[in-house]
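Next up: some structures, all given as C-alpha cells.
Consider the two complexes below, in which chain A is the common component and chain B and chain C are the respective partners.
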Partner chain A sequence: MKIVQIAGYLGSGKTTLIIALSRKVAEAGMKVAILVNDVGAVPVDGKVIEEYGLTVKDIGGGCICCQVAGTMIRTLETLAKGPKPEMIIIEPTGIAVPESIRQTVMMNAGKTGAVLGPTIVLFDTTRTDKLLTYDTLKRLVTTQIRDADIVALSKVDLSSADATDHAERAVRELNQTAKIIRLSTVTGEGLAVLADQMREVTVQA
Partner chain B sequence: MTEFVELNSRNPVHDDINSYGMRCVVTAAKPVSADELRRFAAELMTAIASACITAGAKDVSHVKAFIEHDTGFLHADTVGNPDNAKVEGRNGKPAESFELVVNSVIYGLSAHAVREITESGINKTAGLFGLVRTHAEK
Partner chain C sequence: MTTMTARERVMKFLKGEKVDRPPIFSGMGNVIKPVLDKNNIVFSRVHRDSELMAKAAAGMYREFGYECAVVPFDLGVEAEALGAKMNYYDEVEGLLYPTVKEKSVVSVEDVKIPADLKNAGRIPIVIGAIKALRRELGDEVAIGTYVLGPFTLAGQVKELDQLFEESFLEPEKTAKLLETLSEFIIQVFKVYQEAGADYFTLREMGGTSDVMSPKSFKSLIKPHLIRIISEMPRPSILHICGDTNSIIGDMAECGADAVSVDQKNCITDTRQKLGQGAIILGNFDPIKILHKGNANDVGPAVLDALKGGASAVWPGCDLWPEVPSENMEALMKALKSV
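And now, the complex of A and B:
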C-alpha cells in the first residue's frame, strides 16, 4: 500500500488535481483510495471528490499534521485491513506541514504496511508574491515547499510565462532538489508526468 | 450544525489562520432553477470573501461551499480575489430545498470575525435570492 501525499497551501488546487490524478492512476489499473482532511469538521473537499465516483475517507476536527494525526493512522489501518487499496492519496489541509505527516506515516508503517510515495506540494503560480510575503503565510508555504519531493506549479494556464518562471525561480531557491513540474488541470499539462511519478517513485524513510 | 475549530492552539504555522464551517438547509417558496442556484453560490462566495477583505483579512485563503439536493450537486469556491468565484457540478432539476455547506478559511482575521462574516454572508445572500435557512441539520 503506497502512500502519496498531495499537499499545498489553501486554494492551490489540491482537490481538483486529486480528482484528475486518481482517475489516471485508476485507469492504469491501480486500486486507489483518498484520505481527505478538511479544515473544520464540516467537510467540503471529501464530498466533492466522492461526487466524482472516487473512494474517500474524510477526517475532520483539525489538522492531520498535528491535531488529529492519530485519526489518520487509524484510518490508514482500517483501509489496510478492509478495502486494501494499492495506493492511498492523502490530501491534508492547506495549512499542514507535509514532513509531519510523512513522519507520522513512517513511524506507523509497521501497523499499516505502508510504503512511502512522493510528497507532492502544489504552489499556486498566480499568487507567488502574496504567498511568500506575509510572515505566517511565508513561513508555512516555505515549509511546505522545503518538504516536497515534487513541487507542482499549479494553474499555469492562468499565469503568464513570466509569472510561471518567477514562481519556478522562487520555488527552486527554497528547494534545490525537488522535481518541479508545471501543472494545469484545465489543459492537462503535467498530469501524465505526475501520475507516472506517483506510480513509480518510492521514497526511503 | 456549525463548527468552530481552533487551529492555532498547537502549531505555530497555523498562527493567524482561522476557519469556520457550517451546514444548513435552505428552502425557497418556489423551485429554484439550476442557473439561479449557481448565481447564488457564486454571490455567496463573493459576499463572504469581500466582507473578509473589508474587515482587514490579509488573505482570503479559501472560501468554499457545496449545494446538494435530490437531483443536483454544485460546488463553489474562491481564493484570494473575491471576484474569482467558481461554480461547478451537476445542475439537476429546480429545487425547493437544498443542503448548504460553507467552509471559510481566512488569514488575518479572528475566529470570531470569520464566523460572524460567514453567517452574515449566508443570511444576506439567501435574502437577496428569496431563500430562507430553515434548520441546522437536514
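And now, the complex of A and C:
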C-alpha cells in the first residue's frame, strides 16, 4: 500500500489533479483510494467511482492538527484491512504542512505495511509573486515547497512561458532537490510523468 | 498539606498557589472511546446533546481520575453560532469530528453577534453540559472550557485564501473582522463562566509559526489576543499548536495566566525564556504517545515534559478518542508518582 500526499496552498488545483491522477493510476490497473478533507467538494460521482474502482474517504477538514491526524490514521488502518488499495492519495487541507502529514501517515506503517510515495506539492504558476511575497502567505507556502519531493507547477496553460520559468526559478531557489514538473490538468501536460512518479518512487518503506 | 480535591488542585495551580503536586489535566478536548463505550455514547451524537457531552466529560474523571471535565470536544461551536453550516458526518463510518461545511462570512459586516447568544447554535448545548457537570461533580472536579481565538475563528467562518490575502492587502479590514470576532469570543467565554465553568482556554491554532510568520503573528493577531485575555474570565490559558518557539515570548505577553504548547515547542528553551514563575503547560504528542504509543512508553514521555520545564503536563492538542485505556492509566500512574 503506497501513500502519496498531494499538498499545496488553497486554490492550487489539488482536487482537480487528484481526480485526474487517480484515474490515470487506476487505468494502469492499480486500486486507488482517495482521502480528502471534504468529499462534497470532490467532483467524483458514483459512476466514476464505480467505473474506476476508486474509494473516496472523508478525513474531515478545518483544523490541521490532531483531530484530522487521528481520522487519517484510522482511515488508513481501515483501508489496509478492507479494500486494501494499492495506492492511497491524500489531499490534506491547503494549510497543511506536508512533513506533519508524512509523520502522521507513517505512524502506523509497521501495522499496515504502508510505504511512502513522493510528497507532491502544487505551486500555482499564476500566483507566484503573491504566494512568495505576501507576508501572510509566504511562510506556509515556502514550508510546503521545502517539504516537497516533487513540486508540480500547476496551471501552466494559464501562464506565459516567462511566468512559468519565473515560478520554476523561485521554487528551485527554495528546494534544490525536488523534482519539478510542469503541469496542466486541462492539456494533460505533466500528468503521465506525475502518475509514473507516484507508481515508481518510494521515499520511505 | 491536607488532601486537595482535584478541583482545588487545578484552581490553586492556575492561580500560582502552592499545590501538593502538579494537577493532571487538560484544557482541550479529551473524550476517549473507553468512556464513550462504557456510557453507550455515539461519537457523532456527543457534540449535540448536553447530557451526553457532560457524561462523556465527567467520565474521564470517573474512569481514569483525570482531574478535569472539559467541554465541548470539537472546534465548530463558535462558527456555528455565527451562522456556519456544519457537517456532523452522521452517515460516515468511523470517528470524524464535526467540521464547517459552509462558511458564513465574506466581510466583517456579515458577522452578526447573536443577540441571544445563549441560544445560538450549539452554545446552549455547551452551557447545558457545563451546568450538568457542575450538578454532577459539585466541587470535586474543575470544569474547563475553550473557545477559538479570533484568527482561527476567522478561518472557520471566512474562506481561508481570502482571509490570508486580505490580511496582507487590506490589513485594516482583517483587523476589523478580528476585532468583532474578539468581542464575540469574550461574550462566549462569559456565558460559559456564568454557566459554571472554572477555567478557560483560548485556542489560537491559526497563530502557529508553521502557517504564520512571527512578524504577522505579532502585528495581526497578538493585539486581539491581548484584548480578549484582558476581558475574558480567569484563570485563562493561551494555547497555540505547532511551532511556537519564535512566538513564545509574544504569547506570554498576551497576559494569560498560563501558556500551553505542543510537542513542536522546545519546552526547555521556553522555560528559560519565560522564567521560573511562568505557568507552562504541555507538551506530549497526543497521537504518537497516547494514541499510538505503548503503555510502557507513556509514563517516561509525559514525565519528560515535566523534566523539560512544564509546570503541569498537558497534551499538545485534543486527545484522539481512540486512546487505549491502558495508555490513559499509564499516564495517570506516572503523573501521580510525581
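Simple rule for what comes next: the second predicted complex is superposed on the first by the 181 of 205 C-alpha atoms of A that agree within 3 Å, B and C clash if a C-alpha of one lies under 4 Å from a C-alpha of the other, contacts with A are read in each partner's own complex, and residues count from 1 in each chain.
In this section, a contact is a pair of C-beta atoms (placed from the backbone, for glycine too) under 8 Å apart; a residue touches a chain by one contact, two chains touch by 3 or more.
Quick caveat, the model's predicted, so the values are computed rather than measured.
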> When the two structures are overlaid on chain A, which partner does A:Arg169 contact: first (chain B), second (chain C), both, or neither?
Replying inline: neither
> Once the shared chain is lined up, is A:Lys84 touching chain B (first), chain C (second), both, or neither of them?
Replying inline: neither
>> With both complexes superposed on chain A, which partner does A:Gly70 reach: first (chain B), second (chain C), both or neither?
In response: second
>> By the touch definition at the top of the document, which applies to A:Gly11: first (chain B), second (chain C), both, or neither?
In response: both
>> Per the contact definition in the header, classify A:Lys130: touching chain B only (first), chain C only (second), both, or neither.
In response: both
> Who does A:Gly94 touch here: chain B (first), chain C (second), both, or neither?
Replying inline: both
> Shared contact residues on chain A for chain B and chain C?
Replying inline: 9-11, 38, 40, 60-63, 65-67, 94-95, 97, 130, 134, 136-137, 139-140, 143
>> Help me check something: in the complex, which residues belonging to chain A touch chain C?
In response: 9-11, 37-38, 40, 58-67, 69-71, 73-75, 78, 94-95, 97, 100, 104, 107-108, 130, 134-140, 143
> Mind pulling up the chain C residues that touch chain A in the complex?
Replying inline: 29, 74-76, 87, 89, 92-97, 99-101, 155-156, 159-161, 164-165, 167-169, 205, 209-213, 215-216, 220, 241-242, 262, 286-288, 291-292, 316-322
> What residues of chain B sit close enough to touch chain A in their complex?
Replying inline: 1-3, 5, 7, 9-17, 19-23, 58-59, 61-62, 64-66, 68, 73, 75, 77, 79-80, 89-90, 101-103, 105, 107-108
>> Give the list of chain A residues in touch with chain B in this complex.
In response: 9-11, 38-45, 47-48, 51, 60-63, 65-67, 94-95, 97, 124, 126-127, 130, 134, 136-137, 139-140, 143
